[in-house]
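I am attaching a structure below and will ask some questions about it afterwards.
Which chain is which? They are A, B, C and D, in the order written, and residues in each are numbered from 1.
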């Protein structure tokens, strides 16, 4: 919990992600912050938003807060539970997913993500989880929202490993490879929001959390970050949004 | 999609089936949605491309009625009875008009739907080696495996404009349970731009949610839900009614003659306002005889995890 | 019913096909004669023979004689009912089918089959059903048994259309294309049995039904048929085989 | 196959798992057959190649126990908790020995199983464009579509020597009903040379036959059936028990230290003769707490067609 504010950095990210989901119909979702953000969107501005879980669940109606994307509470009372083949082929590659939420250990200026290793591949300093479905999600979802805490060691000049393609080397490098989805649209952090330039596809600082400055953000990005000419302050979480998170979605505060 | 998409067959066909469209009404021997076909005939849709592994009586009727310009298929037969005489007449004698055909094997059609459903540019399969089917259809190609000396056939995606999927039950959003011969219904539905689910019963959402593995078609991809009991007659719906075999035998006789076929189409399709009237005209005893005995699946507990 | 014998030509074919299934574990089956032959094999020498239907049924236990391979009685009380994708990919192409029974309107000396057209393709004299699954069955089943009535217009010098590959042009032409299955092993007719030469893969008359002669068979084959040096007489149907067919499998005589 | 293939886990592992074999114990978060893993550890199998989308705690334990020389996978994580410390130790520090890795994405692993299950030389998918995964694994290739300017990635077939598939129920021939997260179990089973089905309950054949669409694994491909209640603990079996989350949290602590891990393996695996003893050692209250409430699927009538 931020002492000078009545919400935590995690709550700021959840609310920002929820708001970015406005207008989407089908979201591909993992548990944790993304799960709470999607459910907040459903309970506020987007009651018809549909959630698809990587474990093969569509239309979940969990009776408790799920512990993982494979939690049995996501299966019971869901609309459809399908094989992973169907999930990846029909739902994801089939183009039904409008938006996906992804994260990673490292991100570069074009929104490419590393969730594989820190250090050299053959003898890593830290072995991270790897792709899971992230690589194909980044490729096939119509658009991608990235959620990460803003830290200099995560916002890097060069990834140790490119697990999931964002805008690759920028410009039309992504499009030229014939990648179906449009790639990252927004990077949501606890301290700022970043969009991507329409032409160069480079990350651009566009909104600041209350209390942050352009300089404080620059200090946490390893490359000279582009600044939008009209950087504005992020709208802090509203009372109703906070109430839904705290009373309905995460009453035990597991994700705050 | 969390809204009702319930409508009548008349509305569904009027709204989603355009002249010139590519249509798939699937179901292998079972779940064949004659209700949709008859409404398409009644609305005098034209120049359709009809896709189905087994054109069966349903496309025999649609082709005799002049709705189609092209047929994409893999097996022409009146199952267990013999030929599809109307389609033969179209292919052999251009009656009632010329019919373009595009021919695969079953597996090739399945592969085309899978590719269409999953946004793949092709689907690989081990078939067609040495067969003249590839001479009749240059959509079928061969490619080399990048992993050594191995070659497979490939077929291109099939993405119909509209699919009609007949099911036992669905909620008003189109989340549909299907059991029995599931055929290619799932692949055809996911491959199609618009999906119309036609059901024997509309059920509460909770019925669907209590058995999510049984949901072959998610409401997510469904554009309209039509409640049409006995909509698959004279084919069958597992657990609901049997195939009306006497009709399949009758059709063999009727369909051998184009005039007789037209007379039948007039009497049973064009002069009948909708499916309910067709069912009434057939008479309830006919359906009493088609009702199977009961064979219930055993209990399955998904568990309440709260 | 053959007047001088106590069995019909169809019964002779059913019994021959049943016997040829000895030693097989999994057979891919259609309805009609093949269905009766497979069930005769199960009820006599091969109780563990497994039937797989093209409609996606494994382990059927029909409560009545099925009218087609899609009959609902094949579904109820079966072990497994699967999609056609699974049937063709996992069962057939996956190599689980040891033997398949196929027929056609025309056959040539290498066991290639035509079930597509008589006459030219663009404007056929007779439009036949087409492949259905036959083409991939002929390719992926480990071996194939062909069941056809012996008629000169069916046993042709040149097919009007090659729907399902047998031994193609003979020798190793089939193997050279990388076709997984070994192709036709036996042609079962009402009047004779034909095997295939190990080297040339050409059809060879090997057994004669009672009452037939080499000459009577030659007259029904459009090419100069090879004759096995030790042509023998087919074993007529046994009493128990006929009893099972007539009392248990086809009591209404639909397929006799 | 119409004979019983029932045996104990000890017999199944002894008979089917050879040193150096390639093994798949699948199940996405659910149905993870720890009973099989523990028996493999007890029998001190060596040089195994372990395949699984999500190696999870099960392969963390097997790798810490020194059974594996190679891991084929797509996501290393303790779901909902954090890292797999034993696998990290093997990859980062060669403890207890060097571990070769072969890495895909989930979809790539799914595609490998599909290709393996269906005798395809490759499976096409839209992934890996621009990703360094292709630099780490040259089994992943790209091919051109013969239908115009479109490229897809391909992965080669995966055919494990043995698959262990955990299910709710099967008959003694291994015809298995599975419901819940069906994951890649079907594809992994059909891809494998030998299949061992491990179940919570052995049921009469009629239970299977009354719901044939629920039969994910046919006895046809099953070589052994093991009746091992709670065999997936600490993971879960839909409708039977919940995930034992405290264990997943405990493992995060235990597995951070190799000595502590070895001590745990000694106490809970090596010094325990079989699964029944493990269950008894855990105590029945532990399982009482994992029992979900009831949520039954609604009636489904297949119909008696006689």
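Assume a contact is a pair of C-beta atoms (placed from the backbone, for glycine too) under 8 Å apart; a residue touches a chain by one contact, two chains touch by 3 or more.
The shown structure was predicted, so the numbers you read here are calculated from the model rather than taken from an experiment.
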Remotest chain, chain C as reference, centres from CA atoms: A
For chain C paired with chain D, centre-to-centre distance based on mean C-alpha positions, whole Å: 40
Mean-CA-position distance for chain D and chain B (Å): 37
Chain B and chain C, separation of their C-alpha mean positions in angstrom: 29
Touching two or more other chains - residues of chain A: 57, 71-72, 75-77, 81-82, 89, 93, 140, 180
Contacts with two or more other chains, residues of chain D listed in rising order: 114, 119-120, 125-126, 150, 179-180, 182, 186, 210, 213, 238, 242, 292, 295, 302-306
Full enumeration of touching chain pairs: A-B, A-D, B-C, B-D, C-D
Residue ranges of chain B touching chain A (in the complex, touch as defined): 1-3, 114, 117-120, 175, 186, 190, 205, 208-210, 212-213, 215, 218-221, 302-306
In the complex, chain C residues that touch chain D: 25-26, 47-48, 50, 57-59, 61-64, 71-73, 75-82, 86, 89-90, 93-96, 140, 180
Chain A-facing residues of chain D, complex: 28-30, 53-54, 73-77, 79-80, 83, 87-88, 91-92, 103-107, 110, 114, 125-133, 135-136, 149-151, 179-184, 186-187, 236, 238, 242-243, 245, 292, 295
In the complex, chain D residues that touch chain B: 119-126, 141, 143, 145-148, 150, 152, 154, 156, 177, 179-180, 182, 207, 210-211, 213-214, 238-240, 242, 292-306
Interface residues, chain C side, partner chain B - complex: 31, 54-57, 67-72, 75-77, 81-85, 88-89, 92-93, 112, 116, 121, 123-136, 139-140, 159, 161-165, 168, 173-174, 177-180
